[in-house]
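Two complexes come next, and they have one chain in common, chain A, joined by chain B in the first and chain C in the second.
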Partner chain A sequence: MSGLATPIIMGFLLGGLYALIALGLSLVFGVMKLINLAHGDLVLLSTYTAYVVMTKLGLDPLLSLVFSIPLLFVIGFVLQRYVLKRASLISMEAPLIITFGLSLVLQNLFQIIWSPMSRGLQASYATSSFGLFGASVPLVYLFDFVIALVVMLFLHLFLQHTYLGKAINAASQDRRAAQLMGIDTNHVYALAFAIALTTAAVAGVFLGLTFPFTPQSGVSFLIIAFGVIIIGGLGSMLGTFIGGIILGLAQTLGGHFFGAAAQMLVVYGIVLFVLAIRPKGIFGR
Partner chain B sequence: MAQETLLEVREVDVFYGGIQALWDVGLQVREGEIVALIGANGSGKSTLLDAISGLIRPAKGKIYFQGEDITDLDPFKIVSLGVSQVPEGRRIFPELSVLDNLMLGSYNRSARPKKGQNLEMVYELFPVLKERRKQTAKTLSGGQQQMLALGRGLMSSPKLMLIDEMSLGLAPIVINEVYKALREMRQKGITILFVEQSVRRSLDEADRAYIMEAGRIVLQGNSQDLCEEEEVKKAYFGICD
Partner chain C sequence: MKDFISRARGGLALLSAIVLLAVLPLLGLPRDWILYFFLFYIYLAMANMWNLLAGYSGLMSLCQPAFIGLAGYTLVIITWSGLSFYLGIICGAVMAAIFAVLISIPVFRLSGIYFAIGTLVIPEALRIVFFLWRPVGGKLQGGGAGYMIKGVGGVSMSQLYWFAFVLAAASVIIMRLILRSRLGLGLSSIRDNDRAAACCGIAVFKLKLYSFIISAFVTGLAGSVFYVYQQFIEPATAFNIKWTMIVILATVIGGMGIEEGPFVGTIIVVFLHFLLAKYAGVSLLIQGAILVIIMLIAPQGIMGYLRGTRAYRFVLRHATGNGLIKADIGN
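The block that comes next holds the complex of A and B.
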């Protein structure tokens, strides 16, 4: 039994990180109906920012959020307001292709600046472990989970209870009607994108504390984020959370039973299974 | 009382894709009036309202509100000047509560300070919205949804309300209720331009009317005069006794 406790607890906690990575992707899709193919790479931009803060300034990687949150907020706002918005006038696909291009640019930029080598963020708390039900779990997994809960709670409260949050909600339900209410939908969309990338900034630092990363890591985390959304269903914060946990468990339990080489296969298998039996996701509307 | 022109649409052409939807449309609404825009499906009524609201840009022509050229303004700016549209099909936010729907009506900066006052006015006009304020909007009946859409439109402190398909799909008793609300809005100093398919009812309720056909205004005038107009009689047989 104690043999299973470790993968179950780790998978569960890891799910928090996966949900956090998927959160921004889900928000952007939910509000703007846009798939941001650069989402994983933008998450990674925050990871590399933390890497620079750690190596060049000698500070705790978490402090990098002071830079990366505003940085990604501005990138999100400008990208949506001045690039994707204009591209959307050309065709439905144009913004999607632009995000794909941005993904390639970022990957290569990471490679040029930081080389293809695998890197990691180090902090004292990132290497220590704690015991639970006879399992030994890295402390950072617990941080991942708690921070994911906090970010989701904040986002939920923001969307449900602030004027701007409600406007984002309204614009995602019916853009035309929102315009007729006097909501500047272009501005609201840009802010929604900016907020989504703020969650990506937080995800990036915790990702770097949890896993080693390379310039290509963004793509694998984009795929995980897709999986989370497919399982949980779009437009549901709870769904994203549960989706993350299912994926986390699939990965650790898959690794436990079939070996590390097969763990992602189990993850993709579950994603395919959900797509086949319930395409809108478990909590999808 | 000299009535000032509140809205003026001048020689407007609108294209949808490659197809011309409005041809040289002109229309005026004076302060305090109730004006009806009548026509069959696809005659361009909604397109005209959308052009006024800034949702589509005319290819030619100008639109003035209180003398200001609003032809190329963004929709949210037009709302903040005091033009509110209640769109066809209500378009309420289904997943939000009744109260949140109403509050979003006051999103523009000029209306925000007045939202408490406006909410009271809306509750007075439609008491059922107060009773159901905590309900999700999609759980309302069709008539209540139309009241919510009207109420939401009023939350932006409009000087001019554009109401599309005023009574489409509503039960007769509800229709009477929304028209009663229309008259009460006018009492409160709000000018109204509404779209309606039922000629009889529109001419009863409006001071003046415009009749549209295939993207053109084909007739206009006082409601009473229009009733007696030979062409209207012919086109809409036996509407005014």
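The block that comes next holds the complex of A and C.
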């Protein structure tokens, strides 16, 4: 059984990272009822920012968050305030088509600037590993997990205990009622989108430290994030966390049994399977 | 009488345009031109079929590449077994339709955005499958897991042109027939309000499934004709999101949920491909940007915008006699 310890521990820890990727998508979906098809590519934007900081400035990839968090915050705010707000008035599918267009713009931008080659973020702590229950696990997986917990805890406290957090909650539950209570919902939506992309920025850097990435990786990040939401159900942070762990385990165990090339196939298969049996998600209400 | 004359004149113009397009390859045009026309027909058929789903059935399908790629690979299997590629084209389309039935089990339980993402997963999954699976064994060509399509070396460009021409014409006729049938009426009612439609006794699931299967079949047909031209297939381009981009762009530029929309949109998309042919890298980037801008400034597309203008109604009235009334019903 010792052979299984490594994929199980790795999958569990990886689940934290997957929950972190899904967090932003879930927040946007929960509050504005829109799916941001460019979510994966925006996560990747932060990864590439880290890549530039690492190669051009020679700094630790983690320091790139100083740039990528404000960058994605502003992108999120502007995108919601000036583009998606208008789009959501046009029709139900308009935001979907617009974010799809945006996703292709970003994807091809990455490809032009950084070429289609597979890249990776390097740091001294990313390559070392530690032993646990007889399994050897890369240290960066533990980082992923801890960071994910920290970000989720922060977001939870923020949504429960600050005025803005409560306003976001209120606007997501009943937009008109929130407006009548004096909440500027357009502003709150824009800030919610900005905060969602901030979590995406954090997720991007850790993804880059964990996996190699190409300009096309955004689509698989999006599917992972969506899969986590599907499994975990909406509006539940615990569900998101469990969804992340299930997909993380699916990937590493899939890789263990069917080879590394097929591991994403197992993830996609689980997403489709859950969609077929319970579209609202296993933990959805 | 006046009505009759103007209609006959309109019909004559259409007929001569069709005849002209049909004999185009015989006029000795440069091969590039014929190729752009060929692409126009292929994209038109695909865009029409996406319009049927997204514009008329409320199904934002992002899995059209799955139908195209599966049809292409079926073509490979058939031609490698030594059978005719004609059979391969048909089998490819049939395979796409069968696949549509299979995936309808999970994805038809979803609606709206869930459906969109559910269908997005499918081509991604198939791409990995075809990276791992060697359907006909044998040697791979190209960098990835590519296969040559056998027995199509003798197909001339004019022949391909006619295939694509017939296909595009068929897709236009299919759309016309569907929209004027009970299926079309049922679909529009589902798109506008699926609960109300179900209450009126419309079999929502069945009608959506029909349009999904028709769409898969014709898209698969277009895909296999394209691969007869390409003579080579590999998973990364076959199950590429680029196909989705083309059909969405063509439909959205022309006008989603408007019968003529894909026709107008595809002309522009092919023209864009022609303009941007030298800049392959930025081509998709610019197309993505155009998609965003069009959606924001003219969400109904060009035809939707024109329909709202006075000049268009004037032209229509004089071209078809009672066009004004028709256009109003169409809206």
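Criterion: the second predicted complex is superposed on the first by the 285 of 285 C-alpha atoms of A that agree within 3 Å, B and C clash if a C-alpha of one lies under 4 Å from a C-alpha of the other, contacts with A are read in each partner's own complex, and residues count from 1 in each chain.
Going forward, a contact is a pair of C-beta atoms (placed from the backbone, for glycine too) under 8 Å apart; a residue touches a chain by one contact, two chains touch by 3 or more.
Here the structure is a predicted model, which means the values were calculated and not measured.
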Problem set entry | Touching partner for A:Leu34 - first (chain B), second (chain C), both, neither | second
Problem set entry | Contacts of A:Gly182 with chain B and chain C, given as first, second, both or neither | first
For this session: Please name the chain, chain B or chain C, that touches the greater number of residues in chain A.
Result: C
Problem set entry | chain B versus chain C as contact partner of A:Glu93, first or second or both or neither | second
Exercise. Between chain B (first) and chain C (second), which, if any, makes contact with A:Gly58: first, second, both or neither?
Worked result: neither
Exercise. Looking at the overlay, what does A:Leu102 touch: chain B (first), chain C (second), both, or neither?
Worked result: second
Exercise. Which partner does A:Ala167 contact after superposing on A: first (chain B), second (chain C), both, neither?
Worked result: first
Exercise. Between chain B (first) and chain C (second), which does A:Gly131 come into contact with in this model arrangement: first, second, both, or neither?
Worked result: neither
Exercise. Which of the two partners, first being chain B and second being chain C, lies in contact with A:Tyr268: first, second, both, or neither?
Worked result: second
For this session: Across the two complexes, find the residues of chain A that touch chain B and also touch chain C.
Result: none
Exercise. Which positions of chain A touch chain B when the two form their complex?
Worked result: 163, 166-167, 169-170, 173-174, 176-186
For this session: Flag every residue of chain B that touches chain A in the complex, lowest number first.
Result: 53-55, 74-76, 79-80, 84-85, 87, 91-96, 100, 103-105, 107-108, 111, 152-153, 156
Exercise. What residues of chain C sit close enough to touch chain A in their complex?
Worked result: 54, 60, 62, 105-107, 109-110, 112-114, 116-118, 120-122, 124-125, 128-129, 131-132, 241, 244-245, 248, 252, 256, 281-282, 284-285, 287-292, 295-296, 299
Seminar exercise, completed: chain C partner, complex, touching residues on chain A are 29, 34-35, 37, 83, 86-87, 90-94, 96-98, 100-105, 107-109, 111-112, 219-220, 222-223, 226-227, 261-262, 264-265, 268-269, 271-273, 275-276, 279
